[in-house]
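Per-chain numbering from 1; labels A, B and C assigned in written order.
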Amino acid sequence: MLRPRSRYGRWWIYLVLTIALVLVIAPFAWMVLGSFKGQGELLRNPPTWWPEAPSLDNYTQLFARLDFGTYFTNSVVVAVAVTAGNLLFCSMLGYALAMLEFPGKRVLLTIVLGTLMIPGVVTFVPLFVIVANAGLIDTLPGLILPFLVTPFGVFLMRQFISGLPPDLLDAGRVDGASELGIFGRIILPLCGPALATLGILTFLGSWNNFLWPLVVAQTEKTYTLPVALALYSTGQNNTQYGLLMAGACVVVLPLLIVFLVFQRHFIEGIATTGIK
Amino acid sequence: MRTPAIAALTMAAALVVTGCGRPADNPSAAPQSASTVASGPATGDLTVWAMGAEGEKLPDLVKDFEAANPGVKVTVTAIPWSAAHDKFTTAITAQKTPDIAMIGTTWMGEFAGLGALDPTPAAIDKSAFFPGAWGTTEVGGTSYGIPWYVETRLVYYRTDLAEKAGITTPPTDWDGLKAMAKAMQEKAGSKWGINLQPGGTGSWQSVMPFAWSNGAQLNNGDQWTFDSPQMSEALKYYQSYFTDGLANKSPAPGATVEPTFVDGSEPMFISGPWEMSAVEKVGGKGFADKYSVMPMPVKEKSASFVGGSNLGVFKTTKNRDAAWKLVQWLGQPDVQAKWYGMSTDLPSVTSAWQDPALASDKKLATFGKQLETAVAPPSFATWEQVAAKFDAEIEKVTKTGSDVDTSLKTVQSQATSIGTGS
Amino acid sequence: MSAPTLAATVQLPPAASSPKLPRKRGSHPGEGRAAWILAIPFTLLFLAFTVWPVIQSLFMSFTDTKQKDLRTPFAVNFTGLQNYGRALSDPVFVKAAANTAYFVVVGVPLTLGVALLAAVALDKGITRFRAVYRLGFYTPVITSIVAVAVVWRFLLQPDSGLVNTVLSWVGIAGPNWLGDVQWSMPSLILMATWRNFGTGMIIFLAGLQAVPASLHEAAAIDGASGWQRFWHITFPLLRPTLLFVSVTTAIGYLQFFEEPFVMTQGGPLNSTISLSMYTYNQFGYGNYGLAAAMSYLIFIVIAVVTALQFRLLRENT
């Protein structure tokens, strides 16, 4: 690393960083504190920081009214399935695009690249009609299938795999491995960090997805967590801020855990996604 | 290798293009007639969509219906208010609609225009409902559903600050309201005289009561009529609050009325019945005695905005008879009164207001009186788009003080080019 | 943006610099076949759920499709480029384009700068508690915009919001952040930077850690200062990372939707309305042909800007 600096050189960086951290976390912290306040206090002007009479009211209300188990399970099932699908299928194609030659390769690459830049809002309704015609409305597969593969995932994997030495392929072929075997036995195990990266980002996107699950579900048994939470916090003429805050805390908790658990792989992962 | 592919693509595109075209006549333009509903108890399954708190509480209410009609099973799905409109429009497009739904009054024109709703059977008597509310169910001369619950807008004011300002009886006309605002600002120490929305989404709901009170109309048949002298006079009056410094023209976005009402910096505002519990929550104990509501001030006639939600039956329903029976049941005065008790939603049926819970509350009684003369904008499918243009011009005249007549002419020309969708 | 494409909800994706592909060694038997087997799952799902909607919406942009025509997609009039023309001559659309440009031109460098600064500080400046700072700085990325918007609105309130309160301590009278036409966009840019710099920071951190320590030591021995070392060693090696984050952030910011939608609804006086938000409104009104045309206009801008970035930030090979 750097040549050793004096102890004094460091402390001011810690100070600045800590101030920055406090500022960055402040809105988040206010949200957490707000989840223990009542609607009256939340609307007060000037706003309060610490709750005057902290209570778990918002949380108990949410858990009592929400069929929490169902919604949480739905969110988990969908997010895990979408993540697993992306990890598998995107790495498959990413490998093919990175290391194999085949007719139609350039066309496929261009199409995938192109659709990344198209605003999602324009394909929303046609996509819904397709899913409806496929009989997938109000089903978990209807929430999963349209997102099982993403161009982003393909690119990430392609970048990473391109950074691997091509000699691996030759070595594999010399050893008599099949083409698919090379992928499964040689390449994929080396993709750990990139897969972790893709995994976290995909999980994050799927977990926080609101509009699609809202529109696809016909009955409450297919709701995911963000949809159910919006049910109780947003009203026609007013918003229940306390419930909103509590709901947001509940939703973000699993994400924090996933991030913490995968953090190490995540950092290593970014380093090797062909960014060099 | 490329040219045959390109040629094939071009041919395919050409075929598609030439294959397009609208049919010459427009079958959905004619008013529709409703078919009758079979008699006898309701049977079968029914799905109902309802938003927010109503969606939460409705299942308890319909238990009575299920008890009275054994053999029917009602499933209520609660939908969040945010993005509810998107949910409906995509469902209608893909024909995945429920049997019955709670539909916002301003959405009726759009959904009926999409051919999604079933006309109301003649058996349901419209005279039982507030006329303005019933009007929100009518699109192109046909009614599609019934009003379920209603709301209207009144002027909330701080009684203690009004007393301080020397006002003992609430004003009844435009000049009176302005004088009251001024007095509160000067004598009661309030920063502003009244909280009015300076443009932005939904600001027309604050402007139109004045316009309607002045005799202005939004449409004449299927022509928009924004640039009338009555509308101009009303909007000038609205603008004057801002230019005279009586209302705040730069409120922070997302700010709600309760904090400033409770701390007295904005001692008056115009809103609906839900604000009563909202201000009391912020104001704390005893605040209920410090404020009251008064009818919208009158120019030519009494008027206010009527909103709320309607109940509609979708054309794709497979259980039409039962669906209309449930809708009819929800419109019965005793059921409406019971629903009020469960949800505090104001009944759309006039006779339900005789229920002691409603009749005894003075503030609620004022809402009830105003409902008799409250009206809604026309149920054209394009209303939301036109309203957005109107809101934009309201924002201009209130925030920048620009000329009202020029703005109304702009709105008129934009509205005309958007049309009424009929 | 609450749209189904994950690429829009996660702030990362697409093309970075094109890596050095392995020399083509001549096709191996079964290579093509294996490649297609690997490609099939993705391709099928992609065709069904992505490509077909794109084609359909592209088609819609050349017609006068309205909401009620969606069930009979061919019973519409072909109008050619009329929708595109209408969009470009709509003053609100032009204003939205200007707002979006303002947002991107200021927001992207700002976000990149803050992210890089944070990454450098965490990488070089400190040795302990890195994980704490990392998590803390990343928190804004994972929290829901709706809950956070409430907090930000309170923070930015002109009279009693925290920001203006703090400013008043140093004698500055803060403006009406979200309600003033001049300050509304800077407020949103600030908020977007706060929300998104965490992602860039994490990527830069990894890129910085990939710079071999030996290079730094060698330069230090030669007497190079910290700043010189950064500029001549670290920065060039960071270039590909920079491109990656820059393209990512630009694509996301060109489509910025949630900040104005949740915070200001495009106001005051259309000072914060974005292209994506205006397009979303048009979809809401049922003007599907027009809205589709607007979407593809946005796409063209994104493609051009991305290409430009590749030009400017291309690594020297």
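Methods note: a contact is a pair of C-beta atoms (placed from the backbone, for glycine too) under 8 Å apart; a residue touches a chain by one contact, two chains touch by 3 or more.
Every value quoted in this text rests on a predicted model; they were computed, and no experiment measured them.
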Reference chain A; chain at largest CA-centroid distance: B
Between A-C and B-C, the pair joined by more C-beta contacts: A-C
Centre-to-centre distance between chain C and chain B (centres being mean Cα positions), rounded to whole Å: 37
Separation of mean Cα positions, chain C and chain A [Å, integer]: 15
For chain A, residues that touch 2 or more chains besides their own: 45, 124-125, 129, 210-211, 230
Multi-chain contact sites of chain B, meaning residues that touch two or more partners: 82-83, 86, 93, 95
Junction residues of chain C, two or more chains touched: 2, 70, 146, 150, 157, 161
Contact set on chain B toward chain C in their complex: 16-17, 19-23, 28, 82-83, 85-86, 89, 93, 95, 110, 113-115, 199-201, 250-255, 381-382, 384-385, 388, 392, 395-396, 399-400
Residue numbers on chain A that touch chain B, as the complex places them: 38-40, 43-45, 65, 124-125, 128-129, 132-133, 137, 210-211, 214-215, 218-220, 227, 230-232, 234-238
Parts of chain A lying in touch with chain C, wherever the complex brings them together: 1-3, 10, 13-14, 16-17, 20-21, 24-28, 30-31, 34, 45-47, 82, 88-90, 92-93, 95-96, 98-103, 105, 108, 111-127, 129-131, 145-152, 154-156, 159, 162-163, 166, 169-170, 173, 178-180, 183, 201-202, 204-206, 208-212, 226, 230, 239, 241, 244-245, 247-248, 251-252, 255-256, 259-260, 263, 266-276
Chain A partner contacts - residues on chain C that touch it in the complex: 1-10, 12-17, 19-25, 27-28, 30-39, 41-43, 45-46, 48-54, 56-57, 70, 118, 121-122, 124-127, 131-144, 146-148, 150-152, 154-155, 157, 159-162, 165, 194, 202-203, 205-207, 209-210, 213, 216-217, 220, 226, 237, 240-241, 244, 251, 255, 257, 276, 279-280, 283, 288, 291-292, 295-296, 298-299, 302-303, 306
Chain C to chain B touching residues, read off their complex: 2, 59, 62-63, 67-68, 70-71, 74-78, 146, 149-150, 153, 156-158, 161, 176-180, 263-265, 267-270, 281, 284-287
